[in-house]
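Paired with chain B in one complex and with chain C in the other, chain A is shared by the two complexes that follow.
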Partner chain A sequence: MSSSAVLETDGLGKRYGSKWALRDCSLAIPAGSVTALVGPNGAGKTTLLQLAVGLSEPSAGSVHVLGRSPRAESHSVLPAVGFVAQEHPLYRGFTVAETLKLGRKLNPGWDEAVAIERVERLSLPLDQKVGKLSGGQQAQVALTLALAKRPELLVLDEPIASLDPLARREFLQSVMAVVAETGTTVVLSSHIVADLERVCDHLVILALGRTQLVGPIDEILASHRLLTGPRTDAEAVARVHEVIREEHTERQTTLLVRANGHVYDSRWQLNEVDLEEIVLAYLGHRGSAPMSHETFREAMTG
Partner chain B sequence: MIWVGWRLQRTEVLIAAAIVALLAALLVPTGVEIASTYHRDGLSACLGQNTSDGCNQAIDAFTSQFDRLRSLIAWFTLVPGLTGVLLAAPFVLELEHGTYRLAWTQSITRRRWIVSKLGLSIAAALLVALGLTLLETWWHAPFVHLEGRMDNSVFDSEGTVIFGYTLFALGLATAVGAVWRRAVPALVVAFAGYFAARIFVDTWLRQRLVTPLSVTWPVLVRDHGGPRKGGEPASLNHAWVISENPSDRFGHPVSVLAGFCSKAQVISGNCLPHKASGYMHVVYEPASRFWLLQGLETAMFGGIALVLIGFAVWWAHERI
Partner chain C sequence: MIYFHLDARSGVPTYLQLVQQVRQAVRLGILRPGDQLPTVKEVVSSLAINPNTVLKAYRELDREGLVEGRRGVGTFVSGEPPSPPPEGVKELRVALQRWVAKAKAAGLDEEGMTVLFDDTVRPPITSRVA
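Let's turn to the complex of A and B:
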């Protein structure tokens, strides 16, 4: 339990009927970090984030935001949390100005200057109905609503999934600008890995309702290696290192490992591996049903 | 929150207000006509028990003149159901569109959000009910002078019951919508439920809420025939007659020639076989029980409405 954790879960689980959407999830998101929560659709990302903002209640374990329970102590947690739900729901019949007025009325800590500055910079039309805006503009309005609360924790559920590449880039730039300016802790979920590396410094991989990997991205990149060598079984390597994925062709074996210290065997050729590759490997790891590489790639790119 | 709540449901509130205005546009001119006809024909002089044949003819002429209009206005008893489910729509739409995830992650608690949103719906429903009650009470006044207000078509649109009906429809739609989270089907189902409940109460339950009274009196047949109002006990004046059974002078039930007799003929005994003298047995709720029955029915519908709304609040608070 680190005292600087903004979001902390311990054995957290959520069950809908007899099906566990999230199970045994323990993680701590340090203050000031920007954490990407990745995993295929149905992995439990939304469940985890809704638990974090108090939209649903844990079936097992606990979740704490700033040391408090988001559901039981929502009156003190909500003002400190900015949340943009999946598909950024907004009142479509409201104008942009009315949407901001709603934020002002419902949030005592509302910072009108933040809202106005963003609306002007993004040239969002104040008199336009929100339902008439483009998807990218709607996402920006939703983000503005969350940011003008001046939250300590910003939670974004699949913020870029429905956006075109340009809007995606603009949205992530907005998030980065806020982080640079305010040091807000950010957790954002995505099934798209490609753009996240530039924005995020921490990674949580979620698959089949369980966390597969949690940690700072630079450590993750430093500890994972791709080993290529003559065909052999992975047993010897697995005694020392954690083998995440093994692939065999007729003549050679490729292992993606989480290296436990240095790999000393000269038979193996060591290569660095990029984040997307690591994520893909983990999604096929640990008890998950075997899936082809292509299926993962599809899942990851939507 | 007041601004937000109003902004979120002003469309439905304005539609409900427009419905009331539409009814007013129909009720006010016809009501003025009815009232002026009533005064022109001097019907207020005919309100006594034993009235002249001239009065009876004038009353018959008056009631038959507005008969078709009254059967049309009787359909307005569905309006509380319509406006009730309509005012539940903003709450259900919030769940259907997923915007509750936006609303419940602002700085106010979920409980406060739900309570103020439903509170506004309830306030609007009560205002609509007040408008309907005032309009219909005024419109029915001349008929009430002549016939009393115990008959279903009047009873359902006077006093306090409209408040109960409107809240019931609102509560039913809110509860169904909270679970279903689909506005259109939930509202349709709730309206059907409202209709069924009203029919059940009107045709079966209401006459069983308070044990009805019964009265028996001798029926005398005048030789030269012709309907007359005399002979009927004063307690039946403006009462709600639930059943009336003639018997011969020994008390054995006799069958009236059903279908050929008007109520007046039955009461005057003109439909008894062989024009013999006999007795009339009537089961009825006296006019004096109007407010008792109104109170019971309002409490019943209002009470169920509160339970349904309470359930919806609990469901939205704990299960979503």
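Let's turn to the complex of A and C:
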């Protein structure tokens, strides 16, 4: 086990009845990184995150957080993990002040100063019922509960999906400020790629319960290229490079490849691809049949 | 002090946009020697970007000698701004103007020239072995 991995899984799997929600997942999330976990709904994102925070038991393989098992050693692991679940569930009838009081009672490592500083800076109304707050404010309250634990690992399940663009930006600003200040490791799941490119430095693509691609975003962008050229068989390219997606018209062939070193063949025009395009290609990567762009987008949004 | 802004559609990597904005501010005299750049936390809190992106930009500027990081204090504009374009640039521009005239005579429009230029400037490829 590498000592710098904050979250590490090895052959991790989770089965519900006869269906595998997550299968053969091996990855290592380095300390201090901000990792995006992307994939369509039902890809296994929430399953993976729940295994990471000890909310469910693996059916196969292992998961370690800070080198320990989040289930067997929950007493030492959980205080170091901040978790904001999907839709940031809170007690809607509690006021903001009562919600923070609950957080203080439930968490031995609670840092009241962190909570107060955030509440003041974000102008969250202390005596307002949580259910009356805007979606963005509710998300900030949920984040405050997680951050006041001063977590070494912050796990956010679809934190921005339900927020409007302004609240989304404010939420990500908050998270990035914490990362800059404390070096907390962040893992966040999303099916929206656009906002993640500037926030995250590592990427995990999940589809059909399996990891499709894991790595630093810099390297992923540097190694993927779009090849355009006259209609031809992809076979020659596939001998050297990994062809993620191929599309053919009568006269033209377009390949999205993970390049293994340089592409020298002058028949191909080479273009860089953005992260969203790469993610879509991997989500459509289920065999040799090329799919239309629209199909990828549908796959992406479930 | 300067504020950074980002153009998500420019295709220019985020860290490079930050580098270019500092370079430009120094050239224009908006940033002077001794001025402090925004802290990493200030930048990420306003732009919602990864702190490592800011660090990468500041490291690049440091490597170029344009700024100087002082541990625990901040990042400051160092020394004098880079000298104005050398004579060589003038010559190159004249040569390029001649080339543009030639390209026009050959029937290339502006877009055609840009494609050709970009294609020539850019290295053939670009990927690194993982």
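Everything below uses one rule, namely that the second predicted complex is superposed on the first by the 289 of 302 C-alpha atoms of A that agree within 3 Å, B and C clash if a C-alpha of one lies under 4 Å from a C-alpha of the other, contacts with A are read in each partner's own complex, and residues count from 1 in each chain.
In this text, a contact is a pair of C-beta atoms (placed from the backbone, for glycine too) under 8 Å apart; a residue touches a chain by one contact, two chains touch by 3 or more.
On a predicted model such as this, the values are computed, not experimentally measured, just so you know.
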Partner chain(s) touched by A:260 [first = chain B, second = chain C, both, neither]: second
Touched partner set for A:16, first chain B, second chain C, both or neither: neither
Touched partner set for A:85, first chain B, second chain C, both or neither: first
Residues of chain A touching chain B in the complex: 50, 53-55, 57, 74-75, 78-79, 81, 83, 85, 87, 89-94, 98, 101-103, 105-109, 142, 145, 149
Residue ranges of chain B in contact with chain A within the complex: 1, 3-4, 7-8, 11, 97-99, 101-110, 318
Chain C-touching residues of chain A, taken from the complex the two chains share: 34, 169, 172-174, 176-177, 179-181, 195, 198-201, 215, 219, 222-225, 259-264, 270, 272, 274
Contact set on chain C toward chain A in their complex: 6, 8, 11, 14, 40-41, 44-54, 124-130
